[in-house]
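Down below are the structures I want you to see.
Shared chain: chain A. Partners: chain B in the first complex, chain C in the second.
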Partner chain A sequence: MNQLSKKQLVARLLQSFGKKMLSSRPVQEHETELVIDKADLPEVCRTLVQEKKGRLFTMVGNDERELSGHFALYYVFAFDQLQHLITVKTLLEEADPVFPSISAQIPAANWYEREVKDLLGLRALGHPDRRPLILHGDWPEDQYPLRKDFSAALPVSRQPDRGTSMQYSGRDVTEIPVGPIHAGIIEPGHFRFGAVGDTVLHLDAKLFYTHRGLEKSAEGLPLTKALFTAERICGVCALSHAVAFAQAVEAAAQLTPPPRALYLRSLFLELERLYNHIGDLGNLCAGFGFAVGVSHGSRLREQLQQLNEELAGHRYLRGVIQLGGLRLDVTPAELSRLLTVLEQVEADFDELMDIILSHDIALDRMATTGVLSLQQANDLEVVGVAARASGRAVDIRRSHPYAAYGQLDVPLVQYTQGDVLARFKVRAEEVKTSLQIIRQIVCQIPAGAIWAPVPEIQPYTRAMGWAESPRGEVCHWLMVGPEQTVFRYRIRSAAYSNWPAVPLTVPGNIVPDFPLINKSFELCYSCCDR
Partner chain B sequence: MFEILRKIWRTGTVTRRQPLPPAAAKYRGKIVIDPERCNGCLECIGICPSGALRTNCIQGKEQLVISHEKCIFCGSCADNCAEQAIKLTNQCYLATRNKQEAQER
Partner chain C sequence: MKSEQTTDIELALCTRIKQVLGSSLHIRHVDAGSCNGCDFEMMALCNPVYDIQRFGIDFVASPRHADMLLVTGGVTRHLEMALEKTYAAAAAPKMVVAVGSCACGGGVCGQTYANAGGVDKIVPVDVFVPGCPPRPSAILEGILLALDKLDGSRSAVR
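Entry: the complex of A and B
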């Protein structure tokens, strides 16, 4: 598609809005922003999603009172065919911080709208679920942490809990509360099952116990230091978050890092996917008590993490990324060592997959368990492995290429059953495609610099960065403040998109299958909670 | 079943006994400051993202000290020190029974 025709296509996309558009402007190369009146939000968003087939990429509330006297909402829609993003912006008066909800028509907006209520006090009128999401029931209702006049340093007095969990009633319905503290080393989340006998009728998941206020604490930090915050959003997708943040800064500065840096980023991103996917496949076996799978999975993962340590100096690939490129290079000797280790791991991995996928009990437990239908996946804008296992073809490496993915062949792995087994198989095949991609990178990697200085960024420039983490796409929305600091930083991780889908897949399954279903999504709590 | 046993047998034991071999050469471990080289420009304190570096008066002399508890081993200080007074080593065994020892050295 050449540049001109893309422009025309975008123009055609926006044609139907005619008078509703107060203004429109290109933001970055891949993004158009339109400003509309808040009353037109439902209509415009619905048209973009249901008629124009965009998908809700992220939604951001921003306190811009010191800039324009208003709060602002940004709804970002991704158009994968066009490789384009369309941002719908609307301004809300300080005196009347309400806007019409779109959640009833676009269910994926549910969490975003509840989040801006909790953190910024912007209320979505007509939202079907008025429970708080992030700050739970003991946080005072008139304290909004992301408003600029809220100081993170002051203590907030808690109030009696308003009780925001689902209550189950009725004869024969047993309520089974689980968590937030769990047996085993997993993060905190409160799950409440309404069950009849062994069969789950309904599941309510309450998360955000690990809300650390990272977005607030990043505000005012110099961009170079905020990178370290980005790296610590998630323990196991550290690199994807760092890359997404660096890309947001580079987009704001209109800088393209040198080609070698882009290739190396892709290389490390695939190494991150590899150790995660292989470890997750092993861990999934714990869901049906198959210890051999768990042990071999963690053994292979350990091998890969030691490889990470050799190449990057860190088992979880932290400290690799720098704004404008990379902090460290790899030598040809290291690359050939990489290929040797990967060859061993691959042979070992193939054997392990043969063992698991020919084990009757494993197949029996995984097949038809925890089905996520394509309709559900589309409605909730599910991403990553879970989406691709339900026949939803989203992979941001292909649709909006970043790093060196534009020059690499990235095959799409897709299944349609949407059950635990499909998610298992998507991961297993993605391990193979990651290995392929790494081999391509090693063949094609150009020589040259690995870093370019980041030019000064105009205050209040905004930009986005994204990456396909092992759990799905992450999207970082950044507005740069004065003197190269962070003004507003919104992190939308893959877990944030996928968590709302998990409770939908559990009803109809037996209670002991929940751990298995949960493991098959393998979602992170802390990057969702931030 | 036979395949499973064969795999277990072929793999053998993979856990290892301590002491383990040193970490990889590139590993970013314990930070070591060379007070002889340091000229006291304090550039590194401003750069450190975790506030691990500060100055302290040791034997009547202002000296740069590091808290190994706070350090996140990013290496920014070492990269930016013009005097190369800070070095990253690959020492990864930093557990100690003496808290003071972890804080300032």
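Entry: the complex of A and C
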């Protein structure tokens, strides 16, 4: 698609809004912003999703009172065919911070709209779920951390808990509360099952226990320092988040890092995917008590993390990225060593997959368990492995190429069954495609600089960066403040998009299958909670 | 794969566990709001490369069965109570090891409306293991240091 026809297509797409569109402007190369009145939000968003086939990419609330006297909402929609993003912006008066909810028509907006209520005090009228999301029941109702006049350092008192979990009652319904502290070494969340005998009737997941206030504490930080925050949103998606943040800064500065840096980013991103996918496949076996799979998976994962340490000095690849490129280069000797290790890992991995996928009990436990339908996946805008296992073809490496992915062959792995087995197989095949991509990179990688200086960014420029983390796409929305600092930083991880889907897949399964279903999604809590 | 660097620690661990606890050391992990990096390094201790079970160390499901808590994260507002309750439920002598920079002093999250800024703000800590995240061998060393402290300051009640 050439630039001209894309421009025309975008213009045609926006034409249908006529007078509703108060103004429009290109933001980055790949983004157009239109401003509308808040009353038109539901119709414009519904048109973009249901008729124009956009998907809700992220939604951000922003306290812009010091800039324009208003709060602002940004609903961002991705158009994969066009490789374009369309942002719908609307302003809310300080005296009347309410807006019409779009969640009834676009279920994927549910959490975003609850979040802006909790953190900014912007209320979505007609929202189907009025429970708090990010802040739990003991948080005072009139304190909004992401408002600029809220000081992050001041302690906030605790109110009597408003009790935000679902309660089950009725004959033969047993309520089973689990967590936030779990039996294994896993992150905290509270799950409440309504069960009839062994069968789950309903599951309510209360998350955000690991909400650390990262978006607030990043505000005012120099961009170079905020990169450290980005790397620490999540342990196992550290590199994806670092890349997404760096790309947001580079987009704001209109900088393209040198080609070698882009290739190296893709290389490390695939190494991150590899150690995660292989470890997750092994760990999934713990869901049905298959110790051989767990042991082999964790051994291969360890081998890959030791390789990370050898190449980058860090088992989780922190400290690799810098704004404008990378901090470190990889020598030809290291690249050949990398290929040798990966060859060993691949041979062992193939053997492990043979063992697991030829085991009747493993197959029996995974097939038809925890089904996520394509309709559910589409409605909730599910991303990553979970989406591709339900026949939803989203992979942001392909649809909105970043790093060196535009120059690489990135095959789409897709299954349609949507069960645990499909998610297992998607991961297994993606291990193979990651290995292919790494080999392409090693063949094609150009010589040259690995870093370029970041030009000064005009205050209040905003931009986005994204990456396909091992769990799916992450999207970082950034508004730069005065003197190269962070004004507003919204982190939307794959886990945030996918968590609402998990409880839908559990009813009808037996309680002991929940750990297996949960492991098949393998979502981070920290990524989601921030 | 390399394993030689942990040999001394491994030997010392075996000996100390027998000396101060009799036979085994049971650990309960508490994620008090980490980024999961430390948690995954703790999980790596159970993989076939580190395999801490061979020293009689095991991660147990309940704090009531635990001699030691390994706490990760800087203690978020939403997990303060969970940490307090877990600490209260742990069996004496209740050794507490704060694992990772966030657990040691808040890390990048610092002290905010959502984060207490360190495990010792909420419960007493015996050993701090810094690192972002600390390597598995560093966590092992932290466990050993906690056992060393047990001998002098507190007595093991068995």
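Observations on the model:
What we mean here is this: the second predicted complex is superposed on the first by the 530 of 530 C-alpha atoms of A that agree within 3 Å, B and C clash if a C-alpha of one lies under 4 Å from a C-alpha of the other, contacts with A are read in each partner's own complex, and residues count from 1 in each chain.
Methods note: a contact is a pair of C-beta atoms (placed from the backbone, for glycine too) under 8 Å apart; a residue touches a chain by one contact, two chains touch by 3 or more.
Just so you know, these numbers come straight off a predicted model, no measurement behind them.
Of the two partner chains placed by superposition, only chain C is touched by A:H136; chain B is not.
Touch criterion met: A:R327 reaches chain B, while chain C stays clear of it. More chain A residues lie in contact with C than with the other chain of the pair chain B and chain C. In the superposition on chain A, A:V236 contacts chain C only, with no contact to chain B.
Residue contacts after overlaying the shared chain place A:E250 against neither chain B nor chain C. By the touch criterion defined above, A:F228 reaches both chain B and chain C.
In the superposition on chain A, A:L311 contacts chain B only, with no contact to chain C. In the superposed model, A:D354 makes contact with chain B only, not with chain C. In the superposition on chain A, contact is made by A:V292 with chain B only, not with chain C.
Counting contacts by the rule stated earlier, residues 228, 299, 302, 306, 318 of chain A appear in both its interface with chain B and its interface with chain C. Across the complex, chain C meets chain A through its residues 1-2, 29-31, 33-44, 46-49, 59, 61-63, 73-74, 76-79, 82, 86, 107-115, 132-133, 135. The residues of chain B lying in touch with chain A in their complex are 3-4, 7-8, 11, 14, 23-24, 26-28, 49-50, 72-75, 79. Considering their complex, residues 136, 139, 145, 150, 152-156, 180-181, 183-188, 208-214, 216-217, 228-229, 232-236, 238, 295, 298-299, 301-303, 305-306, 315-316, 318, 524-526 of chain A touch chain C. Of all residues in chain A, only 224-225, 228, 292, 296, 299, 302, 306, 309-314, 318-319, 327-328, 351-352, 354-355, 358 touch chain B in the complex they form.
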